[in-house]
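First the structure, then my questions, so here it is.
Chain nomenclature is as follows: A, B, C and D, assigned in order of appearance, with residue numbering initiated at 1 for each chain independently.
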Amino acid sequence: MPRRPIVKKEYTLGERVYLVEIAKGLRLTWKHFTFNVRASFRKGPHTVPTCWQYPEDRREIAPIFRGAHMLQLNDKGQELCVGCGMCARACPAKCITVKRGKPAEGEEDKYAGKTMCASFEVDMLRCIFCGNCEKACPKGALVLGQDYELAEYEPEKCIYDKERLLANFQRAKAEGRLKPPPKPIPVDAPPPKKKAAAGKAAKASASEKAAKGKAAAPKEAKKKDDKADKAKE
Amino acid sequence: MTKELETICITTGPTEVGEYVTLNIGPIHPAMHGTLRVITQTDGETVVSAKPEIGYLHRGVEKLGEHLTYAQFLPLTDRLNYCSAICNNVAYEMAVEKLLGIEVPPKAQLIRMIMMELARIADHQVCVGILGVDLGALTPFFYLIIQREEIYEIFEWHHGARLTNSMGAIGGVEADLPERFHEKWPRLRDTIRKANDETDKLLTHNRIWMDRTIGVNAFCGDDALDWGFSGPMLRACGVKRDLRKDEPYLMYDKVKFEVPVGKHGDVFDRYMVRMLEMEESIKIIDQAYALYKELPDDAPLMKKVPKIIKPPEGQIYHAIESPNGELGFFIRSDGTDKPYRIKIRPPCYMVYQAFEDLVKGEMISDLIACLSSLNVIAGELDR
Amino acid sequence: MADWQIDLIKVVFIWVWVLLIAVIMTWVERRASAMMQDRLGPNRAGPFGLLQPLADGIKLFTKEDIIPERARKILFILGPPLFAFPVFSAFAVVPFGDKIVIGGKEIILQVSDVSIGFLYVLALSAIAVFGMVIGGWASNSKYSILGGLRATAQLISYEVPMGLALLTIVLLYGTFSLREIVLQQQGTFLGFLPNWGFFKQPLGFLIFLVAAYAEANRVPFDLPECESELVTGYHTEYGSMRLGLYLFGEYVNLVTLAAITVSLYFGGWGLPYVDMSKYLGPVAYGIASFLVFTLKQAFFLFLFVWVRWTVPRFRYDQLMGLGWKALIPLGLINLFVTALLVQLTI
Amino acid sequence: MSLKEKVESILQSDLVELSEFRGDICVEIPKRKVIEVLTRLKEAGFDYLSDLFGVDNLAYYEKAKKAKKKKGEDEPEEPKRQGPPPPRFEVIYLLLSLSTNERLQVRVRVPEDDLVLPSVTGLWRAANWPEREVFDMFGVRFKGHPNLRRLLMWDEFQDHPLRKDYPLEGKGEERHLNYDIV
């Protein structure tokens, strides 16, 4: 048998007779009860403050939420994805397959880059929504949107192809739920002076443009950063 | 009758058949938090032996880690202790940073601290709530879990996920504290305190609760150390040990907080230690937030790390105080972009192996109470 | 109308009425517990979710009826009715109103005024235990049998304090008939208190209430079916309408216990200080007395729910300890003191 | 006295190798003296067994060999370990001193043809499951362990999954449950 320390039970009289503490507890639950009953008779969708009635009454989703994927277009309606496959390589669950292709003749203006993705598949059954693909994308084309109702009746439908990913973006755009451009991360790196200045400039421009709701600025900043990194190396 | 019932359950390993009834609790059972399984021999309602069987949630995380890059392994750490994923994230990030030999900027450290303490509160809330549920008091669970939702909202606005956080990256954190946190925290602090207070009112002095918890599977401190206990479980046994104080990491040496210590290591002490720790966590967050405010807005959040992380050859072990205790990552690098060997030291693994010693001679109801108070998380236990 | 016709109407009425209250109780339980826990509860089926019990009933009826392969089949089938039948029948002796005069005929609002109403209630609640034990044993599952064993031990031990509390009432009023007891509780006590059993027997009431919670298997005494330990105890292996009978039987049991509490300790249908029969016509008086009774009953039903969602659960040995070491001695003392007082005052 | 000196003074001649990386000290001790050395360490203050686990060095040494071939003789100080091939497995004990909060990694090399180590469950009961796990994952047997069964994998499982030659996606093993209902 294991050793056990001897525990002395020292109860006060109030604790000993059960009823006092139970009465206190009853008072507490009664307070909650009356509060919530009163609240539930109020008009409106969200009456009891802690209870969301799901399909009608949804809680606010953070704009940076990591939900279903979408492939972004730029302001001119051009596809941003160049089919580089960085996302597929960064994915820990190996759920993305990308095929790189060249745009057909006469369709070059549909794409922002010189190349495009011929096919883009995300297997939502494998995806763990970690956001690594989003971080890896050099063009800011693949982002995780705010959709979280991803149940389907057939498993095949859970493999999102390019059309679906683009449709996700269109829908999000129509509903105004686009992901804000990523803020540049202030990085502590040598040499400090140059870098800090660049970071500040990038941040300033980013905040200006973010106010206008355009996605271009941070990409520039990112490019700058990338260039700087390359130069350093 | 005993013999007849015997044939229904599948027993693994040698079990004594005879005057005792084998009761197979789990892996599917309301109180077995996920997929734990305990094969008990009972004499009436008294537990004669209890042999935990684990491995029902074994996903081979350590093996997977050998085949993923350092950055790719980060999301998998969410799935260890899913009640406080951020602590796992930070533990792993800090282990890799130690391997790389870098120190993250102070602002990132403070953000990590704040987020980790929030995660600790969330974890303790779940643990205390579940303990209540398993002892028949469902109501406090809801009061606590509602506050956890609010904490999750802060997580969501900080890095975009509620449960599987994958917070930050190797080298720092990627986002500053969100607007939500600044708005929400002063109010949230009060509501968390209120919820804890209500739980306290409903449970702590209630004689039914006291009878159920005081003196139930009490445990000696030196036994606990021998079994490799850590965290709240060890502190409940009366050993004052907290990695935040003993081996300070991040900026824990710059904040003041108490380490609540129990006396007998019984369920009541574990419950009280967890309740008090939530209060201490609130204090830590307040102090860390004050320190955070002193830093300039554009202070760096990340240390520059190369895109493909290739640490030098070597091996390190780094442990932090997760809500359950010492959560350590042993990483050996062979100079490539993938870790050679990752070993996770989950805190509840060490605690759960002493389960038989903890519950021997107690009753079945105490077994359930004991299991809930240990806060064994199957994801962390089986990896 | 012949007497047997009136009796039949009364039986059907009380049957439907008890069922209805029990059905509403399942709704109240869920909604009230939700409100206490900052939730909303089921509110989709019908206005305020009032049709939720109906939906549950349909669900339970249409589920597959599974009998485990190695179960004792006959006993397994016999278990739920054996539990539900006595708890339904116990309501027969409860006076749910005073009397109503229809067509010059005086009808007492009670299915039958048996002179041993008391013993009848006790006996039936003892029979109901067999339903649980048989169900638990026939399932051939360890959780079930543990639940059944706990049910036996718990109900047998709490029968004793309950009996002691009831004995004091018998001593006090000198009758076994529930109707007689209610009639004796009208008027005032010591000039300012209602002449209720509660004021004459506060300790007895407390013992009775605690024992009633134990009889009804409610938290903090829900050991036979405590979910976190024994999955769901004695009805672990049951499904479909058999499970429905068990669950429903528990609510009916609650209704009966609340009704008995009201008629023993809270003056039954009578209002304190006011004699309704003076102001109301004979029909209206009957209905009013019935309503008063129902209101009092509703309070106790709510109390059952309220306490359930506030306190944790006992452990098996602590439950036994409370029963044998606290309630029975208290009950004996109470009985002794009451006997002494009764003897002295007579 | 620094940790390094302290360890050296405790171990003396039993110290096979001492390496330091980012402040973590790892000492190698001979296999046949595991219990003796660990007992000494425990008495000297390293009284808390934090963890115990195995490492398979197969791929590591193969890679090192390849790298050596590639580099040729550009770096002459590289071939440290010569002679017979190094033992394939390692078992690492993570010790902690509760009084001074110093951590120490103790490593024992276990060759493939003699996969037996004495169990330290007598010193620390905490070693119970970790040793079972090492047995499960690497096949290292611990002599004197009270209950050396598989921990995470099922009992009928044949392989040792954390070995480097075990494929990531398994070999297609399935668990056949034997419900022996008679």
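We adopt the following convention: contacts are C-beta pairs under 8 Å (C-beta built on N, C-alpha and C of every residue); 3 or more make two chains touch, one makes a residue touch a chain.
On a predicted model such as this, the values are computed, not experimentally measured, just so you know.
Novice: How would the remaining chains group if chain B were removed from the picture, with no chain shifted?
Specialist: A, C | D
Novice: Computing the C-alpha centre of each chain, which chain sits at the greatest distance from chain D?
Specialist: Looking at centroid distances, C is the chain farthest away.
Novice: Using CA atom averages as chain centres, what separation in Å is found between chain A and chain D?
Specialist: Result: the chain centres lie 41 Å from each other.
Novice: Using Cα averages as centroids, what's the distance between chain B and chain C in whole Å?
Specialist: So the centroids are 44 Å from each other.
Novice: Please compute the C-alpha centroid of chain A, do the same for chain C, then give the distance between them in whole Å.
Specialist: Their C-alpha centroids are separated by 53 Å.
Novice: Measuring from the mean C-alpha position of chain B to the mean C-alpha position of chain D, what distance in angstrom results?
Specialist: 26
Novice: By residue number and range, which residues of chain C touch two or more other chains?
Specialist: 36-39, 309-311
Novice: Indicate the residues of chain B shared as contacts by at least two other chains.
Specialist: 8, 139, 146, 202, 206, 208
Novice: Indicate the residues of chain D shared as contacts by at least two other chains.
Specialist: None at all.
Novice: Each pair of chains that touch: what are they?
Specialist: So, checking each combination of chains, I get A-B, A-C, B-C, B-D as the touching pairs.
Novice: Quick one: which bits of chain B touch chain C in the complex? Just the residue numbers, please.
Specialist: 4-5, 8-9, 21, 23-24, 29-31, 45, 132-139, 142-143, 146, 202-203, 206, 208-209, 211-212, 363-366, 368
Novice: Note which residues of chain A are touching chain C in the complex, please.
Specialist: Residues 22, 25-26, 28-30, 32-33, 36-37, 40, 47-51, 53 of chain A touch chain C in their complex.
Novice: In their shared complex, at which residues does chain C touch chain A?
Specialist: Per the touch definition, chain C meets chain A at residues 32, 34-40, 43, 306-307, 309-311.
Novice: Could you pull out which chain D residues touch chain B in their complex?
Specialist: 21-22, 24, 26, 47-51, 53, 55-56, 59-60, 63-64, 92, 94, 98, 101, 103, 105, 124-126, 128-129, 147, 149-155, 161-162, 164, 166, 168, 177-182
Novice: Over in the complex, which chain C residues touch chain B? Could you list them?
Specialist: 33, 36-39, 70, 140-142, 145-146, 219-220, 222, 226-229, 231, 309-318
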